[in-house]
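Each of the next two complexes has subunit A plus one more chain, namely subunit B in the first and subunit C in the second.
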Partner chain A sequence: MASTLAPPPAADATDPPNRSVLEARARREIRLFPTPSYWVGAAVLLALYLVLPLVLSDLWANVLVLAGITAIGGLGLNLLTGYAGQASLGTAAFVGIGAFTASYLGRATDVNNGLGQPFVVYLIAAILVGAAVGFLVGLPALRLRGSYLVIVTLGFLFVTTYVLTQWKTVSNGNLGAPMPVGVQIGSIDFTSFDVFGMRDTPLGRNQGLFYLVWIFVAITALLVKNIVRSRPGRALQAVRDRDVAAEIVGVSLFRYKVGAFVVSSAIGAMAGVFYGLYIQYLTPNQQSIGLTLSVQFLAVIIVGGIGTVYGTVVGAVIIGGLPTIINEFSNHIPYLTASTVSAFQGIVFALLLVVTLLLEPWGFAGAVRRFKTRKLRRTMVPGSAGSTGATTG
Partner chain B sequence: MVLAGVGVVLLAILVFLAFDGPQKFFTLFAAGIALGAVYALVCLGFVVIYRATGIVNFAQVGMVVFGAFVTYNAVYTWGWNFWLSMLFSAAVLAVIGIGFERFALRRMTGKPIFSIILLTIGLYLLLQSLIGAIWTNAKDTIPNPWIGKTVSLGSVNILQVDVVTMVLGAAVLASFFALFRYTKVGLGMRATAIDQEAALAQGISVPGIVALSWAIAGAVAVIAGTMLGSGATPKVGLGLGISAVALQALPAMVIGGLDSPIGAVIGGLVIGVAYEMAVGYQTQYIPSLGTSGFADVLPYLLMVLVLLIRPSGLFGTRDVQRV
Partner chain C sequence: MNQKSVAKLVGLAVVAALFVVACGGGDKTASNAAKNTTTTKSSNAGKAPKTGPGFDGTTIKLGVITPQSGAIGKIVADDIGTPMTSGNQVYWDSVNANGGVAGKYKVSLETADSQYDATVGLQAYDKIKNDVAAMQQVLGTQVLQAMQPKLKTDQISAGPATLDAEWTNDPNLFPIATSYQLLSINGIDYYIHNGGSKTKNICVLAQDDAYGEAGVQGANYEAQKAGFTLKTVQRYATLTDKTAQIQALKDNSCDAVLFVATLADTKAAIQTAIQLNYTARWIALSPAWLPSFVASSESDASFKTYLEQNMWVSSTGVDWNSPVPGYVQMRAAIAKYAPTQQPDPYFAYGFQQARAMDQILEVAVKNGDLSRAGILNAINGVGTLKFDGALPDFFYGTSVATRKQPTPATIFSIVAGVPQGLKTLSANYTSAAAKTFKPAG
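Let's turn to the complex of A and B:
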């Protein structure tokens, strides 16, 4: 660090302008679109959003729908784990809760005693139920930390699958229950999407779900980004980094720890609604909503970059797309037979998680940050290279 | 006080059940102790790693399943003697454990606990997926001398494989405690758990102790996995069901206290007996809890109960918060 060796600058004249520069930069740091290139990026994403379903095959539209759902759940988990520092293995439980709330409220009245409510109703209901259960789970989190919290949330996951299995009105027991068939908002039917009658034949279910899911990815991302770049976000990070110290400077642990659980669980339940719509039929057991699914959400935020919003979405596309990519190219991978494909998918997934944690703990976002810093350093005068790189977080 | 009250209530329930139908009760109780021995072994693996490194090692669950399959491979595919196979498997898993520590966990020193736990979960999933890739057509049990045989004590029938599990578990746990209590290495393990730097300063090889802890964890995982794979209670057989059983050792560990070996044994036995009692009596006495599955969540409910009363478990070191 060359800058620390330099004599301290004179305090009188240089101080005010320096401060204003600092303030201006801090304000720019937390802006939603700090530089014009972000506007370009947003425009490109919007164009992709509009065009992709029109050109994608059923298979890949399906993959991107799953990636979007994973992104929503991952964003909620990142708020809880990445920003508030509360490690949880319970995400799959909230996915299950959201999915079965949607199923019970949304499936037709002649299918397993459903209530036949429209999409908007069961989506909002699932979010509310998720938030309420999240509140209950958040309470013990006030007293538990680290390893204990991980084990207790795992226990919560097992208890949830048990309760769902036993609650036959909602879940139809071990057999599982079908999800709502139609997905309509007003007059728009997302299962055969055809806005303004522009196409000869309406789009397929997967493509329609793509439009629906990714708009919610955008909403969730905006929500999470706005939380973390404002006062509550700074409070959450203070809780994560040193909760006792945070409490001493006036951050209410109750409010932020429990609050993080509530918001994260509500988002998880929302992801659950879409997950249900995606797989259409859900059984409440450990195979479909268990530890593996929870770990998948954790892998999303690790691979994408813990504590970043765009990284989560990137991680979700990687984790959500990986099994299908392996499946599609399994013919070209030697020694891989039809019976070992799923084992191979598991191995690749586990290795991706392990290798990321070992080599790039901040995931994709960390790699990008390092790349940017290196480029910045190269363009700068050697003397002041060390001092600037680390400031952008 | 509250804890004593809960203990008395639980004991009273056991006594009531024992008088209600002694034969059924003692059959279940014996099975529960055998299951408890398995839990205690898995738990001990969790605890030695926790003491050495301060993390809950989910890879232990993977090592239990993987160990069962390595034993199976030696017994069934290579036709080895059962005990020799188990020893071989223990050696393999000890090496895998040391490898995990050397090439993965050691690099994570100083990282957030959450990341380290997630790494161990990754290793667990890796081992579990490898099983699916290596043993595609495994049989549903490890061939062993005790299949289908029972021992009768009066009117109480106990599976022979459960008896072996109990004896083996007791022998292994006793030798661990002897090592832990009376040898220099054991002293080193205790010192390392208290303060790594101070232990280093006293000339104890902390990396050696950590490696030994992983080797012990691997070896006890193999014994637990092999007995489960040989059809011991709860009769999951050879398959991924073993990992579900091993995961239930986590609440046992929390009940005993994360860093207490004796807590691991007691927590394991409590959970084992409670599990079997739930399997045997829940549908009869509390039918409203459903026809199945309650026994699987009971360990977690007991864990929450204990945590509410004693946040650091029955025998764990109390956690002090520092700013």
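Let's turn to the complex of A and C:
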């Protein structure tokens, strides 16, 4: 299979490839499924998607639902931070905005002044509200960058928590408010999931949410992937790398910086809807939708790989699953007691971040890319260690 | 592999997976749990009760979801969760020694760590829910709120280790004590009639969550009924600096402060008050209190003195050495099963909570049904939960609509050297406002 691939953009390439080779390579690189192995990978993922909820325990289904939600939010943040270069600590605020919008619109009319709207309505509304607020937050980004922008988004997070607490019609204040109980699209109820009435007993809420959330992970990943492999994506990356130069060559900073905030915030709000459906009861305080949650989204893209789509999803699964893995195997870890599990989880979390940043700043995706490049070089360069002697074109 | 064969492979995988989805055996639902409920012999009273998840015909397994670790969780665990679970355990040890529930069915506890965090709490719930017949204890308002829909779906009953009034309205929950709202109402009213007055400046310092809001609700209700206005309500995020809030209390010349906090914040708040040279009558709700605040090991003398001079605790329960039968039984059980246990209000609460569960399980056995649904039904058959003086009795009646939460609070003063650091000022104190308060929802 390696023989069908073009050589990597190696610095030590001897002859510069001609124009047609470059064009062919570029066309292949922007394809969604550039090689048959991608199709096989997609088939495996699809099969896993369908089968996993049936074989996993409730606990692990729960963990994967949360990982999926984190992946959605992480994809939004990666678009903003990884591709557009706009660092943000405000993701949790958009999660909160999405969650409370969904709660207010979706909860029953006799519950804290809810409006009793169906899932599709409150999901779309939450996305639109997230996008609108993202537009407002994106405006300062035109004049700020780096740590200044981080501080603005951090401030926005605290302001959001405060506004939500005070806006009692929506949030019911510090008492908090429930999310809608049912999650239905047409005749499919995701809290009691069945396939065309073929099962004797429907699947539980965790399993139903798994199906729902991971469909949206796929949709979001496709959306982000399509943005970044097309003209807007290249513009975003130009803005990230040299915003002044990008503007000089005709890239609209307003359009792309603010646009990145709008799309990222809309995705964050969508993650918030699912987070609300997962946790089922929302409280507008820092413990629920605060800085810790924002940092968790950042950790996802750092561990998974800044500026990659699949890396974000992998990062979400790692960050989401790690605490439970530690918890489940804590009995086998020496000196670990019930009261020190959480501290140990924190240490592992911190070590993971530090080690990633020190050894592989591009995260899991970077490590995979490095591995692939090394493998290709070995097959390309005659006489190198491990070389088969074959050359590729 | 060309694209056509890849497409075939994908199609094959999808069809295979759909087949598994439709016919697969794995199932984690409540309805399945309900289906698993079987009658081993007969459902008639006097014969073996129905079994179900958490009851195999001989042993009843109960869940405990409590913080054992975590940033805030560790503090709550050390000072509240661990003694409360010990209270549960010691009670069941004493019952098991006599054969168990109805003299036949032994009880064991399975604990899962919530880290005092709703997300982790939900995972803890999912981890143990298939193993237990009911939840003996769920600690933490936010954790329990997140769990309520699942309890309903899974038909699991649970003992809230939190005192919000709204639990009374949930058929899956069996609260046992006077609510935070009523503790607030009674605490302020006691102040008004014992040294204070409604013309004094009465204020609130509360944490910014559901528990804090429950306290504020009670304070507002008392103010409305007694005919005064709260001078200021200050809120804070737990484990953060409270200088601004305490300064605001001082600036508003607050004579009394209803303190709706957990013990994680008590010391910091009081030490800030001492630093700001601010003195008032502090009326703390029970979760703010920890016996070790005035123990001999506490080195901060000014802190201890300030508490003794200025703080009351509005709580449930009685003095540790009280002669009421409920406490006599508890002290005897401690002597036998946990001789190193120190006097602790959270232990006492856990012990009484297990006593409530025992009464419900006895009814379930009598009904011949120890399945989850059977235990849930038994709550409505228990009539009145009785605590032999350890707590006020709680009338349940036949449904949530007939439940009447107890209204009295015990007002304690702080006295170093006595068990729990608490000495009763007024037992069974019920204000006029408390008698008319109804939980929301």
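As a convention for this text, the second predicted complex is superposed on the first by the 364 of 393 C-alpha atoms of A that agree within 3 Å, B and C clash if a C-alpha of one lies under 4 Å from a C-alpha of the other, contacts with A are read in each partner's own complex, and residues count from 1 in each chain.
Note that in this section a residue touches a chain if its C-beta (ideal position, glycine included) is under 8 Å from a C-beta of that chain, and two chains touch if they have at least 3 such contacts.
What you see is a predicted model, and the numbers here were worked out from it, not measured in a lab.
Visitor: With the two complexes superposed on chain A, say which partner A:Val51 touches: subunit B (first), subunit C (second), both, or neither.
Guide: Only subunit C is touched by A:Val51; subunit B is not.
Visitor: Scan A:Thr81 for contacts with subunit B and subunit C and give back first, second, both or neither.
Guide: first
Visitor: Now for A:Tyr148: first (subunit B), second (subunit C), both, or neither, which partner does it touch?
Guide: It touches subunit B, and subunit C stays clear.
Visitor: Output check: A:Ser342 vs subunit B and subunit C. Expected answer is one of first, second, both, neither. What do you get?
Guide: After superposition on chain A, A:Ser342 lies in contact with both partners, subunit B and subunit C.
Visitor: With the two structures laid over each other on chain A, which partner does A:Val63 touch: subunit B (first), subunit C (second), both, or neither?
Guide: Only subunit C is touched by A:Val63; subunit B is not.
Visitor: Counting only touches as set out at the top, which of subunit B and subunit C does A:Ala42 meet: first, second, both, neither?
Guide: In the superposed model, A:Ala42 contacts subunit C only, not subunit B.
Visitor: Comparing subunit C with subunit B, which touches more residues belonging to subunit A?
Guide: C
Visitor: Which of the two partners, first being subunit B and second being subunit C, lies in contact with A:Ala350: first, second, both, or neither?
Guide: first
Visitor: Could you say whether A:Phe329 touches subunit B, subunit C, both of them, or neither, answering first, second, both or neither?
Guide: So A:Phe329 meets neither subunit B nor subunit C here.
Visitor: After superposition on the shared chain, which partner residues are touched by A:Gln286: those of subunit B (first), subunit C (second), both, or neither?
Guide: In the superposition, A:Gln286 contacts both subunit B and subunit C.
Visitor: Residues on subunit A in contact with subunit B in one complex and with subunit C in the other?
Guide: Touching subunit B in the first complex and subunit C in the second, residues 165, 286, 339-340, 342-343 of subunit A appear in both lists.
Visitor: What residues on subunit B touch subunit A, complex-wise?
Guide: 50, 55-56, 104, 107-108, 111-115, 117-119, 121-123, 125-126, 128-133, 136, 244, 247, 250-251, 253-254, 258, 289-290, 293-294, 296-297, 300-301, 303-304, 307, 311, 321-323
Visitor: Which residues of subunit C touch subunit A in the complex?
Guide: Subunit C residues touching subunit A: 1-3, 6-7, 9-10, 13-14, 16-18, 20-32, 35, 68-74, 77-78, 111, 113, 115, 117-120, 122-123, 126-127, 129-130, 142, 145-146, 148-150, 153, 208-210, 212-214, 216, 235, 237-238.
Visitor: Per the contact definition, I'd like the list of subunit A residues that touch subunit C in the complex.
Guide: Counting only subunit A, the residues touching subunit C are 36, 39-40, 42-44, 46-47, 49-51, 53-59, 61-63, 66, 165, 173-176, 178, 181, 191-192, 195-196, 198-199, 201-207, 278-281, 283, 285-288, 323-324, 327, 338-343.
Visitor: Residue numbers of subunit A touching subunit B in their complex, please.
Guide: 81, 85, 87, 140, 143-144, 146-148, 150-152, 154-156, 158-159, 162, 165-166, 242, 244-245, 248, 286, 291-292, 295, 298-299, 302, 339-340, 342-347, 349-351, 353-354, 357-358, 361
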